[in-house]
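First comes the structure, then the notes that go with it.
Order of writing sets the labels: A, B, C and D. Residues in every chain begin at 1.
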Amino acid sequence: MALHLAILAVLASLASALAPIPFHRSHRLLKGLAFLLLAISGIAAVTGGFLALFAEKPAELLLPVGLPWLHCHLRLDPLAGFFLAIIGLITLVVSLYGPTYVREYQGGPQPLLVLTLFTGLFVGGMYLLVLAADAFSFMASWEIMSVSSYFLVAFQHQHAKNRAAAFLYLLMAQVGGLCILLAYGVLAAFGDGFTFAAMASAQLDSSWSTIAFLLAFVGFGMKAGVVPLHVWLPQAHPVAPSHISALMSGVMLKVAVYGFIRFTYFLLGDILWQWGVLTLFIGSASALLGVLYALMQHDLKRLLAYHSVENIGIIYMGLGLSMIFAGSALPGLATLGLIAALYHCLNHAVFKSLLFLGAGAIIHQSHEHDLEQMGGLIRRMPVTAVCFLVGCISISALPPFNGFVSEWLTFQAALQGSALQGGVLSSLIPLAAAVLALTGALAAACFVKVYGIAFLGLPRSRHARKARIPQPAMLTAQGILAALCLVLGILPTWTVGVLNRIARDLLGHGLPEATAHGWLWLTPMDPRQASYGAPLTLLGIGLACLLAYLLLHPRKQTPIRTGAAWDCGFGPLSPRMQYTATAFSMPLRRVFRPVWSVSEGLEDTGTGRAYRLKIGDWAWLKVYQPLGALLLAAARRVTLIQGGNIRAYLAYSFFTLLFLLWVIV
Amino acid sequence: MIYLYLTLLLPLAGTLLLALIGQQRTAGWVNLLFTIATFAASVRLALEVFAQGVLLSPGKLFYVDAFNVYLILLNALVGMTTAIFSGPYMAHELKIGRVDAGRMRLYHAMYQGFLLTMLVALSTNNLGVLWVAVEGATLATVLLVSLYRTPKSIEAGWKYFILCGVGIAQALFGTVLVYFAAERVLPGSDEALLWSVLHQRAGEMDPAVLTLAFVFLLIGYGTKVGLVPLHNWLPDAHSEGPTPMSAILSGLLLNIALYALVRFKMLIDPAIGTNLAGSMMMGFGLLSFTVAGLLLHRQQDVKRLFSYSSIEHMGLMTFAFGLGGPMATFGALLHMIVHSLTKSALFVTVGHVSHVAGSQSIEKIRGLIHTQPVIGWCFLIATVALAGFPPFGIFASEFLLFTATMKSSPWLVIPLLSGLAVAFAGLFRHMQRMVYGDAPEGQVAVKANMWPVILHLLLVLWLGISIPAVLVDWLDQATIMVVGKGVL
Amino acid sequence: MILSGLPLAEQVILTLASLILFTSFLLLAQSRLFGLINTFAWQGVLLFLATIMMAATYDRHHLYISAALTLGLKVFFIPWQLRRMVVRLDIFRQVETVVGGSLLVMIGAGVLVLFSYYVVLPIRELALLSIRNTIAVSLAVILIGMLMIITRRKAVAQVIGFMSMENGLFFSAIVSTSGMPMVVELGVAFDVLVAAILFGIFFFQIRAGIGSLDVDHLNRLREGDQ
Amino acid sequence: MIGWLLAISQALLFLLAAPLMAGWVKWLKCRLQNRKGPPPWQPYRDLAKLFGKEVVLAETASPVFRVAPYMVFSVTALAGSVVPLLTVGLPTSAIADVIVLIGFFALARFFLALAGMDVGTAFGGMGSSREMTISSLAEPALLLAVFTLAMTVASTNLSTVIAHLATEPPQLYPSFIFAALAMALVAVAETGRVPIDNPATHLELTMTHEAMILEYSSRHLALMEWAAMMKLLLYGVLLANLFIPWGVGLTFTPAAVGWGLLAITAKLFFLGIILAVTETSLAKMRLFRVPQYLSLAFILSLIGLLSHVILER
């Protein structure tokens, strides 16, 4: 049943890609059909995913497509079900949001059909990916996902910036895909076959399994966007249409994490703790650098994209901890790390999509990407403002919203480091936790900046002044996600209970204690060690607020007197006197200066002089650019062999002949 | 049997007829009719082979087995679809005065002649005739390359002629040496060049002679395959000739040279006993693959771009055949089909593209999707397919190839994969600028029949999603012939 | 190998082989186009003689046809056609210099002969005839032909180099296996004929398109910044 | 049931005692500076006066501006209710372990900083920016210090930690010295005391907390101020009960609770003295010296952690 629903989801998403083709003349019909089918696929996926989470045993199916001796194997186990549900959920929300949002592109230079076509393929590829149970169908759906999202990134290709971003994206996707392919190749070589079942039973020695792991790490890391493989992400996510950014950032990165988990836990099996150290290290670096780079951005979507790097880092930290414990024969603690990571996957999917949808609403209304041009939007679009605030609180890992719970679980996992034998490891792990704390605090700083600059204060541009309330469908979509942020934040016990099933499936071990004390208390290991009463937190805050309000608010309703804000006696305030996003992050820029390649100075604008600040990404400047230059230099060298002289050409073949003759004799 | 003869006689008749009436306005249609008839005959031939197995003509001159039957079919198909494109394309060239009526006659006659030589090369059982046919294919196309009589096209034609002539002469020497070795095994027999006979007795031949022979064969047919550093004629010839010719050259002729090389490898491997031939092919394959990938980055002409990509793909196939093993071989055989289909589709598209933009220069081709979405999208999708993205067939064959490499020589995977990434970047950096963005002033859509392209792409898509059983059967049999073991 | 132990026919063949090799050297050294063409024709005559010799000695009747083809094509038709071209293109006065200095090229050719011998050494000698050595000679002729194409600038000289390679090939086929099967022989001859005609067409095209038959001027098609 | 009652009364006590702590430190500082300061209960009077005033809002203020004081106040109050003040083992302490507690602080700070940016004046933005900078540097140091304790006891639950430390035979943990120092440094930074910020000034270029609440008046201002006082008390209680756990009630008997009250009063009394003395003897530092200060705290807590791993395991 679950698998049938999942297949229905795949088919519906493919139908949403293809069915509207005959109707592409009518925007209304096109949008209606495409997004309706997409919504159906979302519902089917969520339902199917849930059923799979609670199913007794995984459902399997063999489809007669693919390579002749390797038909397409589908398998839906709890892990796949969980990610299927995530994809479905966000797809569903996006299909609510989409019809209104894409109105912007109607009558634009690009036909809407392209957008709906590739959205359908993109979503379908992701569904298929989590269902795939052999390397070929996995890789095929992986690449379908990459390519169709490439077309979505390149959708507004009239801008050179978008084309460059799309190119970089596809190139890195290609490289990553090849690495994954190789990783599967290693497994298949040992396991005699490309089905996951055959690969999982492969017996590898530790050096080969490490090679396979590293390949998978690079391959999936490239898509997930861990530092230093993240450079495509802040370029590609901002230029895609916002609902696509939500899908890419909220879901596609998760799919990469899914692949990583599937590969490491399910296919490789015997995890070495060294892998965990690597994952933890890269995760910490991604989390910290991601947030630091995000802090310096003032393009809203670019900022959010860097936050994706951060959150993927946090997920990887959880996974790294889990792998360290799994490699040290502590399955119970490994479960804790894994559950933290999975929980954060879900949370990030929800709040990052929410934020991207919010950003989309802002862009839809004000046509501004730049934070420095926004301001005061809370008055123009209050519902979006509330939902966005929820997203900001969630992503900053503040209680009682969902982001906090998963980070808390990650902290708990990190604190169990003392259970390890090695002193070095058990002192390094708390350091990772300190990095996580720093990351969380910086994220909060960053979102104070985002919210404060974009929604609060005074409008900084004409566009921001003219923004209006978005259409109800868009607001509903945001509202659903905001509500989910709260629900996932205050009902962690229930969620962890569900995630337990995945952990039991993968590691053979759950967290029985976590949910043993009722739905009020989340106690990952033991109530005496740590506990978190999320519903009570909400209740406490609510009660305190209510009491304070009731006690302090005057009984008589008199209108509150307002006056001008204090201007130090220099005359009326203007929006230009407000703190800017750049100014807001200045102290941190000074503190962490070496992290970025900063170039600042004054430049003549013609009418006067203006402050100019350029923040460069070291990974881009020191790794990717030289690599590109090297490639071009090599290409330039190689062109010498095609010099135009026929005698030289003949000499090549002559000497090749002599060389080969010499070789054989 | 009759269908085999029909498959060969129809192009022959076509050559003769079009040599007489090729300048007429209806010649394009006549050309198309002949190719359709040839294709129909080849389909019947394929069905016959499918039903009866290996087909050997009474005089033992022709031999159709699982290895060449699908290539014959592919040849006839691509010949037909390209003919669909060729008619209006050449009419347009005539209209804008790039060619005159006399050359149209030459063109049409040689189109059929070219198909004939390729079909003979594929279906012959005699290794000497194989050489004659491959050389004949060169001769048939050499004047087509210089058809436009511009200095560049003449230069390209001359280079093509000399380089391939010199190269293919080495292959003849190799063939002589094989014959020499075979004569000792089969003294006084007239059958010492018949593949069907030699294949049975391959193990008995003198390894030293065969090793020597293979070097010459590799240089000879390798020149035609376009292996670096013997490839220099290829981008010139492909870019300067009329586009339908480029489609066939890239899509079919290279395959046939590789086919010849593999046929010889099959003879030589059992005799030598080591994988010397394979290693050489791997070396050449890898070198071609890498160098062509790098060269893609520096292209300024769209047809040159895709001819380098052909070198790259031929290098990949050569590597795969050299690697041996059932999976790599199966992958390479499949790659022959999907690459042909994709590449000829691309060249057909490029033909339309150059009509839209009025130029072959990458710098001048802009905003295709904007001006003519169907051409732009076909161009883009075909390139995506060519770059090896699923669900297209090239992905399937490359998947097989890489996993096979991973299994037998894992370290070679690193250059292979980096080469693939480099080549991909080289293709797309040009591609994006051509299809995306705003169109230049005054660029208008042209009348284009994209059905051949769409048909090819659909076929490639089909092969990527699921390979039909009959083809799997043939490919597997061919794999068994080449390496002695199948994948199934 | 002791020459006196061989039958007379084979001694004659070996002599012819050495003469053919000698004509190859001559071709390499010739600087006048007419001289080149004449030397090429003489090479054809030697080839013809060798073919007749083989046909008579081993009683291979189809070799007579080959011999006739050789005579017709290599001795009469191609030299005649080339000569006609040279006259019509008005280039018979031109001096063809050898790239890299003729002495150096000669030394290189000598090395190539040694190399050819070295290459064929591993072949086991089974047949009566000292085939291995004649194969070495034909290989040397082929390689020298290639060297000639590489070191000559004039298209006509390149064609002669190409044709002399073909002669080497043909010689190897004659001496090693007493000629290829008939169908192949005919096919090869047909190809050579077509090639010779095409060369003629190309001379005019190149002359018309580029203004000179110097192949070094054919350098429009190249990579890099143009 | 008695536990819940006790918990609620402890929370109330906490709320009520907070101004006294602030007043006590202020009075002491004035004395140390040879001034005759306001009496220690002066903050109560201030709060009462503010509650009685009429609210004046800036024209540009949004609802966030009005919600923020309630949020800041209630979250801080909730934080106060989960920290063991008199006894351990209260049911409320299971709501939040120390990490959640830090989360509460962060949540309160988040709204405080938003409120600072709401009106659109340069002051508010500046204050928010600085607050977020300082806290993001302080948080990891604080957490690392807490981890040292948590790893010693293998728990992050404050109640468990304090009970464990109070009941075991007295030992000298070298790591605790560093952790306590680090936590004290962080506490100073987080509560906006000298040398990081000066709570006694309103218009100075480096001010942080006061800049954010510059536009507030009346009951909103009172809530903000009260929350700040509670935060001071919270840090004091944390320092006192974590590092000098003795005296905290381990059961709910009146005697235990009484002893607990006495003990915490004494501890806070002395802490106040230390704070006043340091504040008097130090000058406020430049803003861009603060990262160095906080990195000192971080290094101290790191040394604490390392000495725990190396010396105590």
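FYI, a contact is a pair of C-beta atoms (placed from the backbone, for glycine too) under 8 Å apart; a residue touches a chain by one contact, two chains touch by 3 or more.
Note that the structure is predicted; figures quoted are calculated from it, not measured.
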Maximum centroid distance from chain D, chain identifier (CA atoms): C
By count of C-beta pairs in contact, the leading pair of chains: A-D
Centre-of-Cα separation between chain D and chain C, whole angstrom: 100
Distance between the centres, which are taken as Cα means, of chain D and chain A, whole angstrom: 35
Whole-Å gap separating chain A and chain B, where each centre is the average of the chain's CA atoms: 43
Centre-to-centre distance between chain C and chain A (centres being mean Cα positions), rounded to whole Å: 69
Multi-partner residues of chain B (at least 2 other chains): 158-159, 162, 166, 170, 211-212, 235, 295, 298
Residues within chain D bordering two or more other chains: none
Of all residues in chain C, the ones touching two or more other chains: 119, 122, 146, 149, 215, 218-221, 223-224
In contact (per the touch rule at the top): chain pairs: A-B, A-C, A-D, B-C
Residues of chain B that touch chain C when the two form their complex: 61, 126, 128-129, 131-133, 135-136, 139, 142-143, 146, 149-152, 154-159, 161-162, 165-166, 169-170, 172-173, 176-177, 179-180, 183-184, 190, 192-193, 206, 208-209, 211-212, 235-236, 239-240, 295, 298-300
Interface residues, chain C side, partner chain A - complex: 99, 115, 118-119, 121-122, 143, 146-147, 149-153, 215-216, 218-224
Residues of chain D defined as touching chain A within the complex: 51, 54-64, 70-71, 73-75, 77-78, 81, 94-97, 99-100, 102-104, 106-107, 109-110, 113-114, 116-126, 128-130, 132-133, 135-144, 147, 150-151, 154-157, 160, 214-215, 219, 223, 287-288, 291, 298, 302, 305-306, 309-310, 313
Sites on chain A touched by chain B in the complex: 64-69, 109-111, 135-136, 139-141, 143-144, 146-147, 154, 157-158, 160, 163, 166-167, 170-171, 174-175, 178-179, 181-182, 184-186, 188-189, 194, 631-632, 634-636, 638-639, 641-642, 646, 649-650, 652-653, 656-657, 660-661, 663-664
List of chain A residues in touch with chain C within their complex: 636, 639-640, 642-647, 650-651, 654, 657-658, 661-662, 665
